[in-house]
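Input: a single structure, listed below in structure tokens.
In order of appearance the chains are A, B and C, and numbering begins at 1 in each one.
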């Protein structure tokens, strides 16, 4: 269409302007509220962040870095997956991260690190900001291809708030133990994104174009290989990022590692059966790794036992590819939910299974088997203010609650993103714009 | 040929089925034998793993991670090298790793961490499992292109057992000090793989095809650059992964680092002379880095002195390219040994040189120069139950022993892999299958 | 031209021979001077390296590794940027690093770790050698495309010496506090390289060829994505590598992180306005990240306050792209300075701004706000031997001094590199040689 240039220029400036406003807003809010966390202030520190660590800074520094690696990693994976839409989308991911981390520092600060009108930031607040960013990236994976950068920024703006609220209710108020964030990151992020995707549903066009794009596999594989290596190395630290006690960490690391190994093997078992290939593509292995990690989110620090971790990873490694093969198409045809990244199979289902597994293990927890570890994993139980059964019920109750939050939040967010001024008319006005154009191709399944 | 599809389908299902069986087997064995290592059990800990570390968990955690990075790295390098055979081979590498780590946890557990019928796993067992995986990956590098995934899995199955046996005899029974695994990983892995490659020798076909593949250099270089960066960063931690004492580590890190720097320069000196290029290709630099590391495996924690490390690295950096240029072709033409990855030049020779250097340094070791470090590097000598000369003889004797083990083991393994049911008829039945087909091209030199 | 082959062969052998001589020289000097640093020798340790760390080896080990990652990273970025000149240039970068680290260990050793005729090397000396290498790589970025490997090696040879001298005068004699090396690495490296580039100026030829190369963007982007991820993860540790005190590190990490986030956003604001793209290219984001880090070099460990870090990063994130758009062309047309890598915008300006910011913060420093941190950041002020104002003046005076050093050093170096025997006649005699040929294309802007 002839009016294309104007449209594009308009969008360009709109994005540029929005970034400017948001950054100024962040700077002002930081100027008013944010201060460095004083050296010794356990009072400021939320229970789930184990401020005991802050006395052993180096260790924490290390964990802090791993979590970073994780976030940039999950973004790296986002890139990995998106590389088929062209590297332009990597830029958008970075934009999301750069904004979300600042915003999460503020919002999470209000919930966790707020004292006499000031937010005190330090390594712990960076860590929880990173967790929050991970959730936003997961949701972004579901809607990618149907939203422009402006909408993406607003999605981050809203999701951070809701995700933090959910996390606060679960971890601080209900005292749920979810150190690896099966619920608050994986499940919430996935279903939030799926509901947004549902609200933004638009019937399918240019199916043909999408086919063409499929053969940019080489670069995708490069990314996928790098991404998988990173995952194997650092995710175990991720799931154990907020478990201070070294032995406990030891458990979390071992469990996640065994789980991911088993889920990887599972992929090699199923993909030859499901597809006409003798070995899975790297992206599938990468997904299996992610799924194997997500299932260990809540249960990681509990007494899964080595073979339990193997079994859990093995099952989720079988479920995830089946989901891709059979469930994702159904989601699209029946429920009109387009799941660009397949986050439902990679984060959604594994997250739910992880929560159920965590509940089961909570039910089986005894003082003998956990020893002094009980104090760490189930503080309230250790203090006797709660029986193991109560704790298990609460862990279980946290699941539907999270789903509810995610659904409502996603619905509201989707409604906001549909506002006319934000939507870009679907007549491919961005065809000049690599990113948006290529991403538009993700439109149809 | 018309019967191609059936064949391929058959292989696909065979691989899928074998993975399934092996995983179930692993799960069962884990269920019966494997438990979490109790917090305080120095008795369970083999001398060469310095359980003193387990009291300083964070440090160990850190090392543990580095070793991981290493393994996934060496696999990353495998990918790097193989990227010319297409990314499909990356998937196979991951399959090997995913299986080998579980299997090594079991086998090594039986040797090192077995107590009252249970294997107690923890960070130390993960580390030795990772070492073992590295050996398998090195061997895989030698036979790549002539074995299918099913054979590869069986190779891993057998090599893990033999490698662990060899390591147990050397480190635990003979009290050889080989912290960086010049012998038990580099030398064993290389010659094991070479012998297997010899047994599987099949006369050369489609030489032409291979030439064509050579110009996929770009992606290879991307991988090689990333791989080299990783090596420079993490290998020093690898060679010092099992040396607890910080000062000793300091030595190991410095030595490996100086050695790799010198061997890199050496590559820049030789490659213009050997080849018509003014600067070496990234893959050559990567090989030089690996060789420079392998030579520091045993000697790393000893008193090499900075210039000694420079000299050792410099020499091995000169030998390795010469090996590629002159020795590998001879290996193939005279001895009918096809060395796909050139592991003989990258791991075999440097490993042997490292062992000889280690022996020499053992002979020169004195209580004055080593100080309290002697207790760490040569515990038996420090306890006076052995003279330095005895220790040196034992270090030297470990070399032929390792070569013998590798040769026998490789011969047996090769014989097993030749069983008709495993072999794939050579009439290029996998031409549809990217991985195997492309790997088949590595067939001829 | 017909005599091309001989020329190329000549250059090849000249490079090969030079490498050989330099390596032998290094080995001899190491043999004569370099020894392992004894375990307990605080006397050997320069103040700015905080040897207190060496008692907490693990932490230091960790930092040491991060700095490594940084160096190889900055080299990774060099590669990233240069990937458009073909991977061959990666090899040259590695050559520079491999030589520079050895040389820097010697030169820096003479200044900092020299005692009774011996240089005692350990982790601290490796760290300062790495810092020095970073400066050399920055300078290399400015002259890339107009020098051959032989000249590059001589540039490293000279710059290491001058850079160390400058660093010694600033940090040790004047007691400037520049933990993140805004001045001694970023500013010095950038202007040193720019002056060398000016001296080596040669009028422009084959502009056409350069255009053609521009469309190798894909691989560049892969590198840029990886490079950016690394930067985000490890640079905060870089800027805080030499600040021992954990709290201080905490500040440095937070400041750098906030600064880079803001500068990234700034890029998204400007690039749509400056260029016809709705989102910046990955390389631009990478540059913004670097600039955001460089500005926090000196101020990082001071009381920037979170919003101060955001503002600083935001401003430098706006200035750097403007520099690329408007200043770099002026540099070339008016001052005849060809800035291949744009180091002036990425390291030069941000470094200067960082120094000014550091001076301002020094002026504002008070004992109350810094607490026991004052002892760490401004030891002389804490000891009362200096007022804050004096310190601020000295910090400010260090800037022109560094610029003077860089200018003089660059001028001398450039003059040396112009010696006929080193110069390669400009008639494109290396056209067969990928590296040099491709790099030659960077010749004109």
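Assorted remarks:
To be clear about the criterion, a residue touches a chain if its C-beta (ideal position, glycine included) is under 8 Å from a C-beta of that chain, and two chains touch if they have at least 3 such contacts.
Protein names from UniProt, one per chain: A, B, C = Rh family B glycoprotein.
Since the model is a prediction, treat every value here as computed from it, not as a measurement.
In the Cα superposition of subunit A onto subunit C, the rotation angle, rounded to steps of 5, is 120 degrees. Because subunit B and subunit C share one sequence, their contact can be compared position by position; here under half of the interface residue numbers appear on both sides. With centres defined as mean CA coordinates, subunit C is found 35 Å away from subunit B. Along subunit A, residues 58, 62, 222, 226 each make contact with two or more other chains.
Listed in rising order, the residues of subunit A touching subunit B in the complex are 56, 58-59, 62, 217-218, 221-222, 224-226, 228-229, 232-234, 237, 246-247, 249-251, 253-254, 257-258, 261-262, 264-266, 268-270, 272-273, 277-282, 285, 303, 305-307, 310-311, 314, 371.
Subunit A contributes residues 8, 11-13, 15-16, 19-20, 22-23, 26-28, 30-31, 34-37, 39, 57-58, 61-62, 64-65, 68-69, 72-73, 75-76, 79, 87-88, 90-92, 94-95, 98-99, 101-102, 121-123, 126, 149, 219, 222-223, 226, 430, 433-436 to its touches with subunit C in the complex.
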